[in-house]
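Attaching a single structure in structure tokens format; questions to follow.
Read from first to last, the chains carry the letters A, B and C; within each, the first residue is number 1.
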Amino acid sequence: MIKEGYVKTETHNGITSIEFHHPQSNSLPSKMLEELAQEIHSIAHDDDTRVVVLRSKGEKTFCAGASFDELASIKNKEEGLQFFSGFANVINAMRKCSKPIIGRIHGKTVGGGVGLVAAMDYAIAVEGADIKLSELAIGIGPFVVGPAVERKIGTAAFSYLAIDATSWRNADWAKRKGLYAELHPTLEGMDESVSRLSNTLSHSSLDAIAELKKIFWKGTEHWDTLLLERAAISGKLVLGEFTKTAIQKFKAKSLS
Amino acid sequence: MIKEGYVKTETHNGITSIEFHHPQSNSLPSKMLEELAQEIHSIAHDDDTRVVVLRSKGEKTFCAGASFDELASIKNKEEGLQFFSGFANVINAMRKCSKPIIGRIHGKTVGGGVGLVAAMDYAIAVEGADIKLSELAIGIGPFVVGPAVERKIGTAAFSYLAIDATSWRNADWAKRKGLYAELHPTLEGMDESVSRLSNTLSHSSLDAIAELKKIFWKGTEHWDTLLLERAAISGKLVLGEFTKTAIQKFKAKSLS
Amino acid sequence: MIKEGYVKTETHNGITSIEFHHPQSNSLPSKMLEELAQEIHSIAHDDDTRVVVLRSKGEKTFCAGASFDELASIKNKEEGLQFFSGFANVINAMRKCSKPIIGRIHGKTVGGGVGLVAAMDYAIAVEGADIKLSELAIGIGPFVVGPAVERKIGTAAFSYLAIDATSWRNADWAKRKGLYAELHPTLEGMDESVSRLSNTLSHSSLDAIAELKKIFWKGTEHWDTLLLERAAISGKLVLGEFTKTAIQKFKAKSLS
């Protein structure tokens, strides 16, 4: 159903890999976000899956966030809420999944993508996997992904990212603040670590892991409603003059 | 009204600078704290202000905390509560201000001053801007500023500062713990960054920023009462024998 | 009453040292945990004690966690709950103690031992004092010590330790995440710092310290019940097939 991007799921020896790709720097349109949320829901109840590895395809960017084309086409509050609920649904699926979710972060991540990374249980990254919360630059904010990012890196680091919306924070910063569990100098090092940990977890006690996931995410039970409230904030802001002007500027730039 | 110190406010192109100075190492008597709180309240409703830069004058010290002379003159619980409410009121004004508050931290900060820095949304510091919570050394504690400091650097780092009251933590420690958003090797680097960010924010969406400030400070709604309860703890402890003796020792030392 | 290990308490000049030792790498059987909890309770009401230093004897290991022999002998849920309540009672005694608890961490720490360190108010460690939460490797999890560890190092770092149960995190990681307040290159440096801080605190205001301890541990009032609920989770998991098999493998290994 998705024309240009895909979400691909494969299971081997208890390890399920979910891979996504979109030609526009792995930005995520609503359809792909729906598919991601759906896959994670299914996996939670799949007896063949003991651990999940979330990854993306492509050279430099792990995830560029929400689809800019879709964002530019939002015409009213309902469409705004609908659009920004996309990341909310994926994050909620991840936090409720009883299986551990390992991330393989091979490149830069922006906006909503940082929320995906924050919702992973254990993100393994490579040097160069820098991050940015650029929402404020177009008159919105990281409202939907905020709770997930803040839970991982704390209120201070989250607010620095959100306020300084035009600057990249490098991968080492992201690791020191706790967004990444590990940071490797090479892709090979990262892949060895993803392999080692997913293999170990696939041989661990499912019951113990399910109890661990409960305590890791204890206190986030209200996110089902909170993240939708947050989506409504973004959905309203995106209709303002500031965002319209910012989008026109960006489009003019990319056409010139 | 203030004899020796001043609080000075200037607005240019949407950027409001609040500068304070006191000849005793930028320590803050009650009058100056009142004036600071008042200025921040006014700015929150000033249409010409889109972003605030909080700074102090002088060479080596950003802020030495509460005025020692005033502290030494407290005679009863009411005066104690009144005195320690000074920083509470400034911190509450900062957290409720809908405009982002950038800090320019050009030197050392002690006690209540660390609370001011913690209540900024984005503090930019220079090497040498070391910090200390020295309250315990005179028989009190960082009770009023505690919630702001703990929110920024976490329970662990806050307790280490409070317990080890006679040691400085250097600026790099303060940055790694999250008190500073940025740390620069030179004053020029710090000032360029303050300039860049305040300029960017002055051109950002006011609505988006106001929503961001709400989520940054979500969960602190009870601080209006909490910080006054904390002021009462300090106001009671300061009347004890331990503090009286400590103050006499300090005074004897500074006279000899 | 304890055959192989001991808990020894000594008070000099307001400083009470609690030292424990067990020949099996300072692992802690129930009896020693009871004695530790009892000592901390007594000290809280001892007028001669103004500050506590918690330390262990032996070369390389500060604490290897729960006694493996005892764990292997658990036959039902009641015994499981009883066993895992050991660390819960020590942690609850530490958080309710009105005197500051300094830790001297001279070597590696595993499992429940990491919970002890997390419940200290100020842990001073030496290079090589690496940590591991190995519970998942035997089909259980760091449920009882979780709240104490998470409070100190945050949700992210806690979950990385719990998920990656077979890997050591080095002492520098533990310091950067906030588990250790200080990390020294040498035993001498560590001991000088323990000495300096305990001496300073023994001359500080008891009233101010008691108020500080209250605010440090504010919000943990429910741990009396929470930690026992957590003990019940471990106590149930430990009866499962996964743990039985894991224990047999470990025993076979140590006999070969």
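Basically, a contact is a pair of C-beta atoms (placed from the backbone, for glycine too) under 8 Å apart; a residue touches a chain by one contact, two chains touch by 3 or more.
What you are looking at is a predicted structure, and each value in this text was computed from that prediction instead of being measured.
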* **Equivalent interface positions on chain A and chain C, same or different at half** => different
* Structure fact -> The assertion on chain A/chain B checks that the Cα superposition rotation, as a multiple of 5 degrees, is 120
* Distance from the mean Cα position of chain C to that of chain A, given in whole angstrom -> 35
* Out of chain B, which residues touch more than one other chain, so two or more? -> 154, 176
* For the chain C and chain B complex, residues of the former touching the latter -> 100, 121-122, 151-154, 176, 178-179, 181, 197, 200-201, 204-205, 207-209, 211-212, 215-216
* Complex interface listing, chain A residues touching chain B -> 135-137, 139-141, 143, 146, 154-160, 162-166, 176-177, 230, 233, 237, 240, 242-243
